[in-house]
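Down below is the structure, laid out as structure tokens.
Lettered A, B, C and D in written order, each chain numbered from 1.
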Amino acid sequence: MALKTPEQYYESLKDLHPTAYILGEKVENVHEHPLIKHMTASVAKTFEMENDEEGKKYLVTKSDLTDEEASRFLKFYRSPEDLLAKVRMLKFLSHNIGGCYMRCTGMDAINSVGIEAYNCDQKYGTNYWDRLVDFVKFMQKNDYVLFSGVTDVKGDRSKRPSQQTDPDMYLRVVDRNKDGIVVRGAKIHQTGSLCAHWGIIVPTREMREADKDYAVCFAYPMDSENAIYVYGRGTLESRAIEGCDLGNVEFSKFAPMIIFKDLFVPWDKVFLCGEYEYAGNMVRNFGNYHRHSHGGCKCGVGDVLIGAAATAADYNGLPNVSHINNKLAEMLKVTEAIYGCSIAASVEATETPSGIYNVDPVLANTSKLYEGKELAEVIRLMIEIAGGMVADVPSEKDFSNPDIGPLLQKYLKGVDGVSTEDRIRIFRLIEKLAFESRDIVSNIHGAGSPETHRMTILRNANIEAKKKLAKKLAGIKEE
Amino acid sequence: MALKTPEQYYESLKDLHPTAYILGEKVENVHEHPLIKHMTASVAKTFEMENDEEGKKYLVTKSDLTDEEASRFLKFYRSPEDLLAKVRMLKFLSHNIGGCYMRCTGMDAINSVGIEAYNCDQKYGTNYWDRLVDFVKFMQKNDYVLFSGVTDVKGDRSKRPSQQTDPDMYLRVVDRNKDGIVVRGAKIHQTGSLCAHWGIIVPTREMREADKDYAVCFAYPMDSENAIYVYGRGTLESRAIEGCDLGNVEFSKFAPMIIFKDLFVPWDKVFLCGEYEYAGNMVRNFGNYHRHSHGGCKCGVGDVLIGAAATAADYNGLPNVSHINNKLAEMLKVTEAIYGCSIAASVEATETPSGIYNVDPVLANTSKLYEGKELAEVIRLMIEIAGGMVADVPSEKDFSNPDIGPLLQKYLKGVDGVSTEDRIRIFRLIEKLAFESRDIVSNIHGAGSPETHRMTILRNANIEAKKKLAKKLAGIKEE
Amino acid sequence: MALKTPEQYYESLKDLHPTAYILGEKVENVHEHPLIKHMTASVAKTFEMENDEEGKKYLVTKSDLTDEEASRFLKFYRSPEDLLAKVRMLKFLSHNIGGCYMRCTGMDAINSVGIEAYNCDQKYGTNYWDRLVDFVKFMQKNDYVLFSGVTDVKGDRSKRPSQQTDPDMYLRVVDRNKDGIVVRGAKIHQTGSLCAHWGIIVPTREMREADKDYAVCFAYPMDSENAIYVYGRGTLESRAIEGCDLGNVEFSKFAPMIIFKDLFVPWDKVFLCGEYEYAGNMVRNFGNYHRHSHGGCKCGVGDVLIGAAATAADYNGLPNVSHINNKLAEMLKVTEAIYGCSIAASVEATETPSGIYNVDPVLANTSKLYEGKELAEVIRLMIEIAGGMVADVPSEKDFSNPDIGPLLQKYLKGVDGVSTEDRIRIFRLIEKLAFESRDIVSNIHGAGSPETHRMTILRNANIEAKKKLAKKLAGIKEE
Amino acid sequence: MALKTPEQYYESLKDLHPTAYILGEKVENVHEHPLIKHMTASVAKTFEMENDEEGKKYLVTKSDLTDEEASRFLKFYRSPEDLLAKVRMLKFLSHNIGGCYMRCTGMDAINSVGIEAYNCDQKYGTNYWDRLVDFVKFMQKNDYVLFSGVTDVKGDRSKRPSQQTDPDMYLRVVDRNKDGIVVRGAKIHQTGSLCAHWGIIVPTREMREADKDYAVCFAYPMDSENAIYVYGRGTLESRAIEGCDLGNVEFSKFAPMIIFKDLFVPWDKVFLCGEYEYAGNMVRNFGNYHRHSHGGCKCGVGDVLIGAAATAADYNGLPNVSHINNKLAEMLKVTEAIYGCSIAASVEATETPSGIYNVDPVLANTSKLYEGKELAEVIRLMIEIAGGMVADVPSEKDFSNPDIGPLLQKYLKGVDGVSTEDRIRIFRLIEKLAFESRDIVSNIHGAGSPETHRMTILRNANIEAKKKLAKKLAGIKEE
């Protein structure tokens, strides 16, 4: 097969039977659940785009492994151009979805794992790289959706994995034999994982020798029996459950926790197991790639924020007002910085021994820092422009009530020529964009927290070289 | 009667039968509705505090009208000390409630109306001031809760009231006779109005002669037949409806829209009717007072934000970490500026002809500008400190499920010595503090929008005097 | 004598013969030196104001020690009103001087020393308080100018005083006998010290037992033989030396370093000597008072910044432009926050055992943090409004040149009705306000550095109490 | 000739005899004047780099006109790679010079003029493009330095050129004949113009038909008799004049005003004359190119700021302190955003009919907005890290004084192992970086003022397309 259609994607989900709990109940046909289906729709949209004339340009490429067409979501980054193409693809998709479509985590993971699998093989004679290549070919061939699981639950954050009171606070190998390994632990914030076919599990931090059982990386079929998915509740569930006041009428996001209850993984799907010195770089690579992904994605979402604010201003009767234009310019400043730094991080990428290109870490993390802090101000400005109605407009159900519906129609009208209904829709969209906890918290903590970004920048910025520049200009001779 | 107890307050609500719709349905015992009762509890808490030894110091005063004990919420501001006492009372209450208790709008309204009622009487020989004094005495005597309705729905915002396509987009007098007036229109964002006994309706903007039917101010019993309350939906309804994952376990906020369907108001409750030149000052006074109220209130909430963030850090195993302390200091900087400017606006208050003191408008609006913009950063910092779990922890319902409850208990544990349950509680509180749309949007648009605050500052800051200072220092002679 | 006139002040300076070096040369009549005289003029202006009808209200008070008129600059803070009066006096003076007049350091020092002198006497039976009171009476009687010396040169900042390679990096007692003590060390950034009559020297940090020789506080006549003043060069010297292009045509600032070369101090002028546990609080008190002083002072300067920017806009032909008004509002927001927090820190002052009132440390330091960071943005906005001419307009000397003077007159004209000369004057004032290093660096580091302010806020903000509030609202029971 | 050496450059300056005034005096050998020679040294450094092994990679390219080696400063941008190379060249040079070397204005001008010269020829059959190409070949052949003059003095900024009271407030054609044109007017802020061989004069704004005499573009030899240069005074002149306390020991900047007193220009050096519809695009192109240049340049300077701050921290004894590292990360965040957006603006460049590539205007202006506002915070952070000594350390002259020199050596020592002299040098460099008015004001107003950048972003950002995205996601059907 080449590329999946949305229909084929939906069909393929029917074969998956994950163990999933949502708001206290075990759920069977999970992909149809109202709290899941809007993100499944996001993923399906990516398949629609793989088959769309314009979308194809962004999403489809030639595999470097098989010489056949493949989804960019399953390709190694073989050049700066691949990285540029990724940023542009994600911006394009965010324009069309207005939020998360999840497939970038798997894409970023195969690349970050690939670099270190190759390095590890060189040192230890392991064959992780070949296993990974086989796995990627298999995924490409089926155009499968891959999510990546990185974030452990972490317990006491002042302690390393092996120091925790409960040794399972980071995922670890609890048994191994000739066929494979058994892992235990939990990964949290696993965005969209229930919409995937496979998962690839990556260590969440650097490890030392004492932590070597925690230095494990592998792939598994998402509906393996011993993987339990527990829906993490966000802010706007009731809308999806009631099926009204959605804001973004088609798409949404969820992020369950996954508990690995002694899951068995055969060796051919294991890409690191005990070589602890590669764990840190795996997750650092992933972090840098994923912050780079955010650059494209969140700039795209930023365009939606700006468009929503400008539309609300129009509907309020305030098009082309000086202070609103000034705010739109401030919003653009931030979103373009997020985008621009990701583009630059692609251009300044460097090749690794594996042949995979790594993004420039300083620029990729700079992009993410703007997302982490300044994007919150963009969202605040959107609310400031839109006005107080974002807080508390009545529900679609009130509009349907014959007693008060006509009164609401009358009183919530804005400018002439725009229906009250459309005006309410834009306020609901803004509410969704501003208050969906999974998105907003992801802006801050997704792909690592701001302190991590700062540390990564500092570690990679070569402050010593900058000191030399200053000293030379000041006339200070260094011995 | 002197001061109500919470029980008396709850009892008094039983006599009220407002016309109310919530999520499409007409509701009878509205005060017991899960979406209403948490704010009723907030108001009840103020009555508890009126009867509490420490609370009394903040909430209870002697009436300047009757020489009896009265709630500060029903007192005229007769001195800078009254204004200081208000700020401190609101900070104290926010500490105990963590959000809105609504009674400040009525308090601010009787003062802002009072100043102009007096001025109008002086010019036109009306007797609005006496009517207002009688009304306030009546309210004090019964220790009633008063909300104030200011914000009209506004239609096309580029047009004045009398220019709107639909003349009802601002509340207006549609009829008048010897007994009273009939009003039509709608007020939106009427925080907590269903928890009050009476409402006082104030014009939302300055008016010109053509708008004189819109220059109307009056009080009405909240359950008047022709006042229809429509619940405005916010972000976290499902929690209150399900009764779990509340975050703030006792208190919350709602803000319905009120439609005045030809409501009759007798003359003795009318405090302005047609004298359009006082409309602007009424709402400007109200705005300044209410921004000043926010200064106390939101600094109090800010202390809760800071406390929640610091608790989350402790529970994550990260007490006394340098970068977290740095963030806490940034949070304090903003919340103390909000508070400090409100305190200063009290100290620099000036007396009006009515004997009521007006706050310093520059300082009061400065306080609100920090709330409008920088408080969003305080909230973002809270999330940054707390970590990703704010986004999507599983529900209490999942914890109750025998299959997965124990696993969640195990895997969501933080530092030793703190139960998983308490850790989840703090994340839920943070979610509530960060994502309750009624609160967050109120930070920005409550008591007027930031552009209004900026204009008020500019108008009152005496830029001309500052130019003179600069010119003199520069050696520029002015003729 | 009661209060000095400017003439008396100038006369009194003639009796002072300090050892002073400026740009490499020993200078005899230092008060007439072009780099000194503009600050002497600032101090003289304060005496003018003590004798001015309006100024008197701000600057003159009744001594609490002698019941006679005294300058506020020499008074103990006996009430919150004294602290409010200080803030307002400083704002008033900054309006008239546009920069530093220096007398606040002495005022803040006698109060901060007073609190701890009293405390020390209570514990150790010393008589520092009485000595200090006598000294203050003496100063009041003569209406002398007092500066305070706090900041040591500090050497290696990671080490305590007693750990330094060179023991003189903090000022210390090197000898003592029955008549007095001998001190050695250096104080830097001693703003305006050459314009004073006396200095009061205060420890710069907390001390431990090993540092007890460094725990010393005393007063000395500024022209003592063993005190050497070395002018610290700033950015705009050439203007003062050439006597043109001054910007602020009358007033300026300087800040020499003072080297104490084994200075003898008699016991009656010693206010601490070895009781190391009071050193920290002395400087902390001083820091808090002086940050509070900055609140009044820099808000006053801020008004000049705003006035200068608005005047430049007028002169450029851009009065009442939307984006400029928006920037003026942002400038006001910051300057009013600086002021408001200082006012609030006065209102919330607390009495110490000595009867002197201490400012609220959280609010005083909050004020200073806004000065330290956001005032830089106010200055940047001033430049943004004024335009590029701030960078590089030709000199007054060019205007006087007959060849090019007329051409400059022609080409540097702005709006009709304003002379080219006045337009240039305002650009020069803006240059002075934006680029005088002594002022700009003082905004950041004066009265301690921002990290100190943050630490002071954190230490005083009672985070534990805030945690309790959050826990209670979240439903967390604490045992 | 191919490329000039620094010696050849200095030699070539001897043939130039411009009419120049500095601080009121006419100056003959202007290139040796202490206020000029440090910038001449900067330009000479670029020639050194053209002949340096590493520098060559950045500065030397093959001419697209002659197939010979040429300086990048004289090349048309024929591809995104040319634009990337420009950004990297400027960053490299700023690393080595720490400030302005001026040659980018000429480079940006030939490209911005080229695009419109070509367009104009297509419409009107003029031959501006060929003239320009000939001029550029001539410049390349001689490796001449070209500055560009854009900013007129502007008079009343609310009026268009033809509306000014004095018609000369914008440069204009006052006469024309078969040989050429005569121009009158003045250009201000002409950075480094006295170090160039030729100037290219570009309109400063869009023009309408009434302004067509102002729509003029031409080149002229910098020492033409009727061009008068008047030095614009900045903040730190005395250092250069005295030859000490320089900070940046070799390099500096100046920016005179140039008065064109009826200068004659032959037709072959005229590139626009009256075709007013191209004036606006010429300066808009220039603005976008030059903001893009700032991206490389100021990121390079930013690295020096960061290096200077980090060195000062080391010398103060505070290496690797948490809060300082945090500040360094904040500084990097801004400088990398400035750089990243310029890199991205290169990658997203588009070809014009002339074959010259135009940068992406949104990204180029975003870069400049960060320079205009956030770079000021980077500078403030540098001062915050370095400490108060930036304000007012004594002069080198004091260190040379035998009485106090040894005392200063003793007392201004920082950490062991670093000489007092080197410590002072770094404070002086920081002073220069923070307080040189020509640099700081250029950060804000260079290449246009922030409002221009905002307007350019808004005009090019396609808000309408963003509205459509939002509407689609909200479910709003557009007809």
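By our rule, a contact is a pair of C-beta atoms (placed from the backbone, for glycine too) under 8 Å apart; a residue touches a chain by one contact, two chains touch by 3 or more.
Nothing here was measured: the structure is a model prediction, and the numbers come from that model.
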item: Between the pairs A-B and B-D, the one where more C-beta pairs touch; value: A-B
item: Greatest separation from chain C - chain, by CA centre; value: A
item: Interchain centroid distance [CA atoms averaged], chain B/chain D, Å; value: 52
item: Distance between the centres, which are taken as Cα means, of chain C and chain B, whole angstrom; value: 40
item: Interchain centroid distance [CA atoms averaged], chain A/chain B, Å; value: 38
item: Residues of chain A engaged with two or more neighbouring chains; value: 323, 326
item: List of chain D residues in touch with chain A within their complex; value: 84, 95-98, 247-251, 303-304, 306-308, 310-311, 314, 325-326, 328-330, 332-333, 336-337, 339-341, 343-345, 347-348, 362-363, 366-367, 369-370, 422, 425-426, 428-429, 454-455, 457-458, 461, 463, 465-471, 473-476
item: Of all residues in chain A, those that touch chain C in their complex; value: 322-323, 326
item: Complex contacts: residues of chain B adjacent to chain A; value: 21, 23-26, 151, 153, 155-159, 165-166, 168-169, 186, 188-189, 228, 230-238, 241, 245, 254-257, 259, 261, 316-318, 323, 372-373, 376-377, 380, 383-384, 387-398, 400-401, 403-404, 407-408, 410-416, 431, 434-435, 437-438, 440-442, 444-446, 449-451
